[in-house]
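Chains: A, B and C, in written order; residue numbering restarts at 1 for each.
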């Protein structure tokens, strides 16, 4: 029985990891901060997947991101997806050689479908995560947006999702712009935009503040994985407790025995 | 592992500390702010809304004259109130800013954006020398680094109300009610100058003015208008938070959307948020002193707000507060010393006066907590 | 105690970094090589892989790594662990993009999951799934008999007739999750992506 997943998303911008609120970024700390104050190596044992996105506005230093990715992923033994401004096969390849297992793409979904095919052809479709940022208009209609939420398409989100689900992608990452960073919980109505018999796994994102929100997402049959990018709310033992709480509530997440790490490997190996 | 001293405890629901002045706890250990937050969920806000409408109907002028006054800084709370008064209730608010000392660039930009989003607005700049002197006296004698400004946001606002013939002033939130303290105004929405003096200026402001040696001319904006100036008119002072469920995060979303408010790029000093209190550098010192006096600072306050609005649970808040609270405002020190005309040693000596030594001990020159937030 | 020496085969496909990182975490003396000589003479090999079977076999052949691997494993008795596509390449043949023959270190072929056999479940099989291991398995020593591991694949090997079944997984159909026979080991899942369970398994392989 396939387990559901708890995913942590790290948002990177110009050397800093950030918190996003409705796509406005707040710098929190750099890689060193993440490792020392945040205890990321410890926290990473309580997640099932890591997504790292370069959300830099303006020009990106791709090499710096790759170096950071490489450092970050050392000691992180879960699937890792990376993205942000990926438009060429070479860029994707560079990310895959820096520790990523999958590449996240967003804007090309709307303006360069050929690229999606090229990625799938080169690396396999399971390597491709389609990320969609969805905006909710005042009248309740949903629109997909690209370019870090700056450009919203006039077409309906539901139609785009159906089309993109038919592309050679591995999974769909569905993010709410309204809920992003608010701690108000997921916009569960996003799931109504999915076509019946959605052929690809769905990762729900945008709005998590605490473990109740995570549990709510995971309890829905249409959701295969939940993601949070809330850098503040899960520091210390926050993520560990959230995972325990979600599992205690009956959700089937993978079972990890973190004690084994401390005992068998840190003590000099045997 | 440090033990906690002095019968120290935290609200069982948020992280408000037992050291907070005028705080009370119920049998379950919950502070009055949390009890109030719970009550607010089932309060008859419809009735309060009607009270608001009646109050506004009494003051509304539809002839283009300003009919109510909103103190604003360009930040989320004042902007939210002004926005509602104008767009939801058809009032013609006069937005009033009392310029703080050491204003921050982001604050200035936010104020400009607010004004340009469409409001009648004035800035009052009380006599600079007096503001500086009163801030300094407040810092040294009371541990209130912007005491002059705290006075002026009441007195100068009242003067503005008189000057423009406005009888209704809306402050945003009643800090005592929302964050724990005196609950007198939770039932009586409209108060007067006497209450302001007692609670918001912690008594004693007239003594400070008298002892300042400043001329009456310089102190003009630091004095409430007298009876002879009021000419029998009454100024009704109230808090928006009485009439509508106060939600700082909601205010932020509205201010962002409609009044051009921007956040800081980094977390603000001593906390994990970036969207509040961006207008003046002395706020960081104010919250640091609060931390030294009572053991809780800006991160603690922000965390309590997050917990009460359901965005995080108490355990998550504990982690954040342990990491961020109690930040010595290193980045503003030069600015403070120049403003107060003090040396670093004199400055630190003032801080030392206000530290609760049951809560803190000096380690490597920095006051370090003896307690652990639990 | 000497650190285990292991060579990761680099043929241009696969997440070398993650595997290297995991082996180093386990304090193995891990190196990466694309040189046929080095691979032929290695004591222990790890064959990673992500992507197309056809492309991968072509790459291995062009770089003469296929011969090197067979020499190491069959002639010199080196132990080998194939992961994901790496396991599939060790099979007899793969049917992606038309039939391509594999290394033949594992007797069975690799074919795509069909909607029928997965009973309507989504393809590719992505995520953490329950792996049931044989009690006598060396790879799974110290792990619960049902343990979670990370899968990401559209193609699978069926266990039919294989002597070296170390573990299976059910995704509609029961497919081969891990194989061990003598010095030949393979896992369809990614141990380097399976948190603590994967680290234990890798440690077991290093200790063989």
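The criterion applied here is as follows: a contact is a pair of C-beta atoms (placed from the backbone, for glycine too) under 8 Å apart; a residue touches a chain by one contact, two chains touch by 3 or more.
What you see is a predicted model; the values in this text were computed from it and never measured.
The most central chain, judged by C-alpha centres against the centre of all protein C-alpha atoms, is A. The chain with its Cα centre farthest from the Cα centre of subunit C is B. Subunit A and subunit C have Cα centroids separated by 27 Å. Averaging C-alpha coordinates per chain places the centre of subunit A 37 Å away from that of subunit B.
Centre-to-centre separation between subunit B and subunit C, using Cα means, comes to 62 Å. Taken in their complex, subunit C has these residues touching subunit A: 15-18, 21-22, 25-27, 50-52, 121-122, 124-130, 147-148, 150, 152-154, 170-171, 190, 192-200, 203.
Those residues of subunit A that touch subunit B in the complex are listed here as 19, 21-22, 24-28, 37, 182-184, 209-211, 232-238, 241. Across the interface of their complex, subunit A is touched by residues 249, 253, 256, 262-267, 272, 274-275, 306, 309-313, 315-316, 318-320, 322-323 of subunit B.
On the subunit A side of its complex with subunit C, the touching residues are 1-5, 45, 48, 70, 73-80, 96-101, 122-127, 170-171, 199-201, 224-225, 254-258, 260-261, 264-265, 268-269.
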